[in-house]
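Labels run A, B, C and D following the written order; every chain starts at residue 1.
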Amino acid sequence: MTRAVVRQHVPSKPEREPNVDMTARLASLALPSPVLTASGCSGFGSELDGFFDITRIGAIVTKSVMWSPRSGRATPRMAETPSGMLNSIGLQGPGVQAFVQKDLAWLMERGARAVVSIAGGSVEEYVRVTKFLREVKGISALEVNISCPNVENRGQVFACDARAASEVVSAVRRAADPAVPVFAKLSPDVTDIVAIADSVVRAGADGLSVINTLLGMVIDTDRMRPALGGITGGLSGPAIRPVAVRCVWQIRQALPDVPILGMGGIRTGLDALQFILAGANAVSVGTSVFNDPSAPIRVHRELAKALEERGFGSVEEAVSFAHRPEGYEYEGEPVE
Amino acid sequence: MPIQTRGEVLDVKRAGAYHVLTLTAGSIPDQARPGQFVAVAIGGGESGLLLRRAFAIHRVNSRGVYGGTLEIVVSVHGEGTAWLADRRRHDPIDVVGPLGRPFSIPRDPINCVLVAGGYGSAALAMLVEELHSRGCRVDLVLGAATEDKLFGVLDSKRLASTVTVTTDDGSTGLQGRVTDVLSDVINRSAADVIYACGPMKMLQAVAGVASSHGLMSQCAVEESMACGIGVCMTCVLPVIGDDGVTRMVRSCVEGPIFRGDRVRWSDIGTVPVGTYGSTPLVEETS
Amino acid sequence: MTRAVVRQHVPSKPEREPNVDMTARLASLALPSPVLTASGCSGFGSELDGFFDITRIGAIVTKSVMWSPRSGRATPRMAETPSGMLNSIGLQGPGVQAFVQKDLAWLMERGARAVVSIAGGSVEEYVRVTKFLREVKGISALEVNISCPNVENRGQVFACDARAASEVVSAVRRAADPAVPVFAKLSPDVTDIVAIADSVVRAGADGLSVINTLLGMVIDTDRMRPALGGITGGLSGPAIRPVAVRCVWQIRQALPDVPILGMGGIRTGLDALQFILAGANAVSVGTSVFNDPSAPIRVHRELAKALEERGFGSVEEAVSFAHRPEGYEYEGEPVE
Amino acid sequence: MPIQTRGEVLDVKRAGAYHVLTLTAGSIPDQARPGQFVAVAIGGGESGLLLRRAFAIHRVNSRGVYGGTLEIVVSVHGEGTAWLADRRRHDPIDVVGPLGRPFSIPRDPINCVLVAGGYGSAALAMLVEELHSRGCRVDLVLGAATEDKLFGVLDSKRLASTVTVTTDDGSTGLQGRVTDVLSDVINRSAADVIYACGPMKMLQAVAGVASSHGLMSQCAVEESMACGIGVCMTCVLPVIGDDGVTRMVRSCVEGPIFRGDRVRWSDIGTVPVGTYGSTPLVEETS
């Protein structure tokens, strides 16, 4: 945690680039922006590239990919909820081989950084996917989506059990290219997220992605049945932001040095700043992309401006700043 | 390529049960092709409705006083459409488009039957113009539950050879469904191809009639969409590919126009056995 | 679970009362309305009585009361969040004795039904409060707020541990007037809410209140510190509704006969209907009261209308209706 | 008793840095007393902003063409106030009020000094009228950061004996704070009582000056409020009761007007040791 000496608010002129070093240090990565996309919310990057230059953000986090092609769940796969949405996609995807040949190849050629999210129904599947990816050069990081039901354990979600989560993470870490950082993506649907965080870090995770969706449900009051084909779904969007910020804060308190990729309901630069002040080294913008396809680059811009106005010279100085001790007071409070 | 633009509401008009909104929308009107749609953000900064709403592009005017404008036809259904119907002149509005693949247009001047249910006709107006300008014969069949839910009947008469109207309650036109008259219209006009836009059940029936006449149909489907731009995988439906394999296909980027004989209409809402990538015994999240 | 034969939508004229039996059966209670207030969101009832006749709703659920008077936490105690809010009140209250003499006495005299919510820092405190309340006649039910830190166990929240939760509930059940039903109020911040539900029911709970707030946090981006005096706070409002509906659904699946008081983000009659279809026998309206002080009676009205339109003759027929088997199809689907 | 009413925006005017909104608001104007406030809902049905915003009742007109109307003065701060400033004539608006306890009005025609910071003067307009009508002498001190953040200077001159203006930057009036001139005004006017409305820091300073002159002050405080009607316990501050005991008191129903010598200004944001019901060693949730 770097502590900055905070200077006065400096109102910035909109025209020029804010004078802030936006490099994000995330485990062994140095990304040109602390703003990434979120898995499942930006496809494999190509669709967004029409709305903004995807090489200018931190990285594209690709939709979680499994070993084989997957059809996903039946529709309806979404329901809008207050300031959020539910989804039950069921990890539809092309399988890792087609993904590497087509989608990842496109991203590489485009010059964008790729964080590859992987999923599996068993430890073995995660390992198989990881080994296949090991042969591919240029992947920035792996993100392990452990919010998948464990087919070998009555469908219990890996992320909800410290042991199962650690098993997956340690197996992936061992199978992956040692030079590629492995992030474990945590579920908020647990009694003690710090305990899970601690376990997966001990199991070898180089960093944590915090948080995945919350389990939720909507009843369609016309059909008088669950609205989603999958019955329950994952809740995302601004609605869950306070839960996500809390998770980041708690983990940062307990694990002062672990790299954290924060996410959950980020819509603006100030939202991103909340995560960074709470302890995130970088952030992912997910559901907000559906509202505003260029949200990631806008959040980057707004964040840069907000950091400058608060007197930070770099993103890094702001990371965990809200944890500073009481005496360490902020000088720039606005005057009436 | 679709763009995102902050436009302005220029006009809101009632038309039967619908509201017709005229919007400025940057270069979208210049790019738009028949069958494409736009996705409109709902509410201002304080809005709790995150997802954009999809609307067929009804008409465009690329050289108005205000630059390019486009029209959408809104049927009030829930909160989002209610908000849109409540807009007034000069209100700001945020539009993404043009989205989706347009209707395929025949190269030759063939005979086309266009079928619409309810506000579905909004999506066909540009198609009528385009087909007409290519010398195609256009016959229209417009259906709705009641008279006020018909859209664009008068307008259609300008370019179409015939316009046949049906209503469920017989309040105007023939009492019944569009499919009750479709075969006749097909025969009468010696149709070569069918275009359709409307509720899923209607599309299914129309596709069936078309097939029974040995005709190709192009259907504009309506699936719930979270993103509209191809990144979320919510808007899928089972479609048979050229290779005969069924896939869960994104209707926002690979549709909304599909060949009627390729959509597995009865299986919408399921993942049919044998679909590419289906693993019926395993359930995974998100 | 009562299954209704559903008739066609009957559009109701706004003028007359919907022809629906709105009696809610909740454990041994029969309330004239399935709509109650939520603890902490309606004070002790008197302030709301100016906005609507509080005797016409199911009951006032009073702010959780402890043995002694409590000052609560430092301010700021609230932060608005997308479609929700955080609170960290810290159970400010007059203590059970003053509560009974003044607030409860007023409610009784007013002829309103009172569900008394109790809290404690130890099993002993819960019991002491319960014993004191046992001497008071006319309490409709006790709601045990177990989302309190256990001072005897490093502040671990009772609701997050099946054993601690069961201990409190069983002690309260034993100490309370046997004629007064005891509801245990569950926290969603657990890995397996069904397991907790099951434990407290085994421990003697006559019913369950589902759900309390989610733990959340907001960072004030001006002060660059946590926005709340209490650092973290409880997230409530429509934002959490999908989580609440999911919890009710899961518990109803596992425990077909347990009385459930559902809550979390209810703003309209259709929101209430979602909970009822998912398995709630009655509902509480909490945070929405801050937006609309007469929300409880409005929700009652809207719910009655929605039930009638769907062909239900009573609330009870609609309880758990969304769990009906596949074949049992609803006839009234709207026609285009 | 407060009521909830669906009113209409009749007018939105700029006044320096502020927006003055005139609203129809049922019987609220008839009931309102100086120092009371209203709580306004933000956004329509699609709004993600759940909590009402509090505004002092600036003026009322109980017999306008549109029935009772009231005015509020809005300083744009965040999303909610921005939404309000964006309202236009005939927009619907949902108001709860009148809320809180009003200022105590002296029975005798005594000398009153009223102090306001920024938009705080909005809350004093009705008080000036009331005091004046009772034959009180009224002297006003209005302060703000800059000239555009002063409110109601001209208007005040009508009924007040003197109006002293200060700005932090000296852009108009005297450069400095209201407390720099307050003692003088108190002495000059032989003040019997002080009324104040403005930022907490200003109120604290004014209460201090009043006490040092042996005068009673009545201060209108501003605490974050979730409900505004007394049911949520978010809006508390430490206030010393008649019995000398400090309690965490709800500013929405027991305030917003408090005696300046009773509020523990320096302890706002804490639960001072010895506060009724404080248990400093135990932490509980919600």
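Basically, a contact is a pair of C-beta atoms (placed from the backbone, for glycine too) under 8 Å apart; a residue touches a chain by one contact, two chains touch by 3 or more.
Note that the coordinates shown come from a computational prediction; the quantities given were computed from them, not determined experimentally.
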| item | value |
| --- | --- |
| Chain labels contacting subunit A and also subunit B | C, D |
| Pair with more cross-chain C-beta pairs in contact, given C-D and A-D | C-D |
| Of all other chains, the one whose Cα centre sits farthest from subunit B | D |
| Gap in Å, rounded to a whole number, between the CA centres of subunit C and subunit A | 33 |
| Centre distance in Å when subunit C and subunit D are each reduced to the mean of their C-alpha atoms | 35 |
| For subunit A paired with subunit D, centre-to-centre distance based on mean C-alpha positions, whole Å | 44 |
| Subunit B and subunit D: spacing of chain centres that average the CA atoms, whole Å | 54 |
| Residues within subunit B bordering two or more other chains | 48-49 |
| Shared interface positions of subunit C, touching two or more other chains | 82-84, 233, 237-238 |
| Topology of the chain contact graph, where touching chains are joined (line, ring, star, complete, other) | complete |
| In the complex with subunit A, residue positions of subunit B that touch it | 1-4, 41, 48-52, 96, 223-224, 226-237, 247-248, 253, 268-271, 275-279, 282-286 |
| Footprint of subunit B on subunit A - complex, ascending | 40-43, 47-48, 50-51, 63-64, 66, 68-78, 80, 82-85, 87-95, 119, 121, 145, 147-149, 151, 155, 157, 212-213, 229-230, 233-234, 237-238, 287-294 |
| Residue ranges of subunit D in contact with subunit B within the complex | 42-49, 79-80, 82-83, 86 |
| For the subunit C and subunit A complex, residues of the former touching the latter | 6, 79, 81-84, 86, 160-161, 189-192, 214-219, 221-226, 232-233, 235, 237-243, 245-246, 249, 265, 270, 273-274, 277-278, 306, 310, 321-322, 330, 333-334 |
| Of all residues in subunit C, those that touch subunit B in their complex | 82-83, 238, 335-336 |
